[in-house]
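Written out below as structure tokens is the structure these notes cover.
To keep things simple, chains are lettered A, B, C, D and E as they appear, and every chain counts its residues starting from 1.
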């Protein structure tokens, strides 16, 4: 029974059903009436990631440090290299270049985990948290717990500022179980 | 059609004759001409169309430029064993102001022309600011093809 | 030689594959190749010289630009039914500062190169900032001509 | 391939049809076409690849520019005895800000395209700011070569 | 008598005198020993404005709003389209672009009628007229006639400023015929 001429792994040539080259190899010469395709391995820095009848392999792209790119996957003969922007930058398809990550204004924090090659996602600080700086990495921080320090709250916290504890020490000893910080 | 050898981009900013090109991978290919240390040698007399495309780029992560005022240039030159020094065939480029507060700068130059070349003559490419060269194969390349015999 | 279809310039500023070209009026013409939804398909294997000229312009009467810092780019890409994603053949362009107080800004890019193309492969053109494209037939065009058989 | 006649660069800044090209010295040469007062006349119908490379430059020793805001342009145009006014085939260039405090400014434009031309039709080159033209033979030139018969 | 082979409407081909195509049509095929020229109409957005032997029509130019151009004459198959700069701008041949119209400084007025696509023509304000603004459209305005308002002139006008009438009313009634304003 003639092997099925599946399009994914075969091609038709001179009325014959010949085998394509596997990923990582290119078609050096087509099949002949008497012999099947001749496939040769891709050269340095080249790849082909599909069964193919290409007469040349594809060149790996350059993860150009001069464009703030780093290789996140070096790729090999059968898989393309993948690049991403260096920390603090994200890939912007409009300019096809690495743009500075957005800084979250005071009152907002950077959502974690920070995702490589993606812009910062800023979320407003929830009640009990604050951020008093512009940053593309810092999350909102919890308000200081004055009672833990045996102090009184002199000024309430906002989403942009920490609470201010009174300077004088209260005489009462702080309760044990209150040691754990708010999440 | 020869594309820049990304692994061998020269540093520095003074004019530099590029000597390291791919001739056999990606879009790079060569026939009826020979490449020897970055020079494209003509084997057959003829009228050739020569072209070059050069891209310069700078990202702030590479640190500040020495000066924000740049002159980014390409010179396609001809040398031959018979004539000692080289001859400028084509030039292109621009003075540029790449200010520090932009995170990324990019500029491309393209030149092309129709020239009568003799066997033994060699074409090479000089650029200013080589360290700013974009190493992608679709960015920095040069080539020639024969159009007519002489 | 295909010229931009002036009646169908896309809006917006993100990278866009131009799909609407004239092939039969003014300087536009096509032979031995086919144009299907903006892609120039190769019918005969061969070595082709590809070229593209893209002009960007902005006049103050069109209102302010979103940002005065622009990156105006052209990418000539190759796609083929056999290989899923596209490959960049040539790119060109420049980062630009188009200040609000000038009433008119203009910038043109030209790229060209010699490529081995197979029947069935398709050439198309991507640009940044499509809404800034100059619709004149002498401004924004691309094309190819066969130089040699393989 | 015609190169600018350095001895005859027009002055002034309004658009000017360049009429003085070398056709027989340096890289300049001409065959199967005729040059008459700056126009390159087609003698044989055919498909031609046309190209032009124009360089503009200003050095402070030449005094201040009238304005620091410039539009540096090239227009490749076609005229024919049969049709009165001219037609724009290709254009390129850029608006530029050449600030007084830099001593030297430079900018090059390159255009190219594939056109069907008839015997009797003439190609010529218009530029803006002619007095800023770079007179080097590798800087300012234009040309054409026939690729196919009609 | 053979029709005269006038150059304007005929061309010579194969020793014959054949007719050119009229405006709006192009030469689809040249005459043959047995048949005259075949002319076909121009396609959409195309024109030919002369008797011709062109094998293709010319393309109408684009009155590109993106360059502040508007079509003043849409043109048709036999006449080219004509564009002009939108109001407030004039065509500058140096840059082949629409430049802002010049504003006439104080002491000068814009000459009327304003001409489309042409720069403002500023003329100095004549005696009795003034302009106290920079404008590309306003003409010089006549000095206010204090006597008409039954006032006295407190300050004389200049080419850049109006007369200033005294605030107090004079008792005398203003003479009848002085009603008409200076031209």
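As a working rule, a contact is a pair of C-beta atoms (placed from the backbone, for glycine too) under 8 Å apart; a residue touches a chain by one contact, two chains touch by 3 or more.
Note that the coordinates shown come from a computational prediction; the quantities given were computed from them, not determined experimentally.
Listed here as common contacts of chain C and chain D: B, E.
Geometrically, the chain at the heart of the complex, using CA-atom means, is C.
Chain B maps onto chain C through a rotation of 120°, based on Cα atoms and reported in steps of 5.
When the interfaces A-B and A-C are ranked by how many C-beta pairs touch across them, A-B comes first. Among the other chains, the CA centroid farthest from that of chain B is the one of E.
Taking the mean Cα position of each chain as its centre, E sits at the greatest distance from chain C. Inter-chain centre distance (chain C to chain E, centres taken as mean C-alpha positions): 35 Å. The distance from the centre of chain D to the centre of chain E, each centre being the mean of the chain's C-alpha atoms, comes to 30 Å. The multi-chain contact residues of chain D, meaning those touching 2 or more other chains, are 49, 71, 73, 75, 95, 110, 112, 147. Within chain E, residues 58, 95, 97 each touch two or more of the remaining chains. Chain pairs that touch one another, listed by label: A-B, A-C, B-C, B-D, C-D, C-E, D-E. Residues 43-46, 57-59, 61-62, 64-68, 86, 89, 95, 97-100 of chain A touch chain B in their complex. Remark: chain D residues 1, 27, 29, 49, 51, 53, 55, 99, 102, 104-108, 110, 112, 136-139, 141, 143-145, 147 touch chain B in the complex. Note for the complex: chain E touches chain D at residues 50, 52-55, 58, 93-97.
Across the complex, chain C meets chain E through its residues 6, 24-27, 57-62, 103-104, 106, 132, 134-137. Touching chain C in their complex are the following residues of chain D: 47, 49, 69, 71, 73, 75-76, 88-95, 97, 109-116, 147-148.
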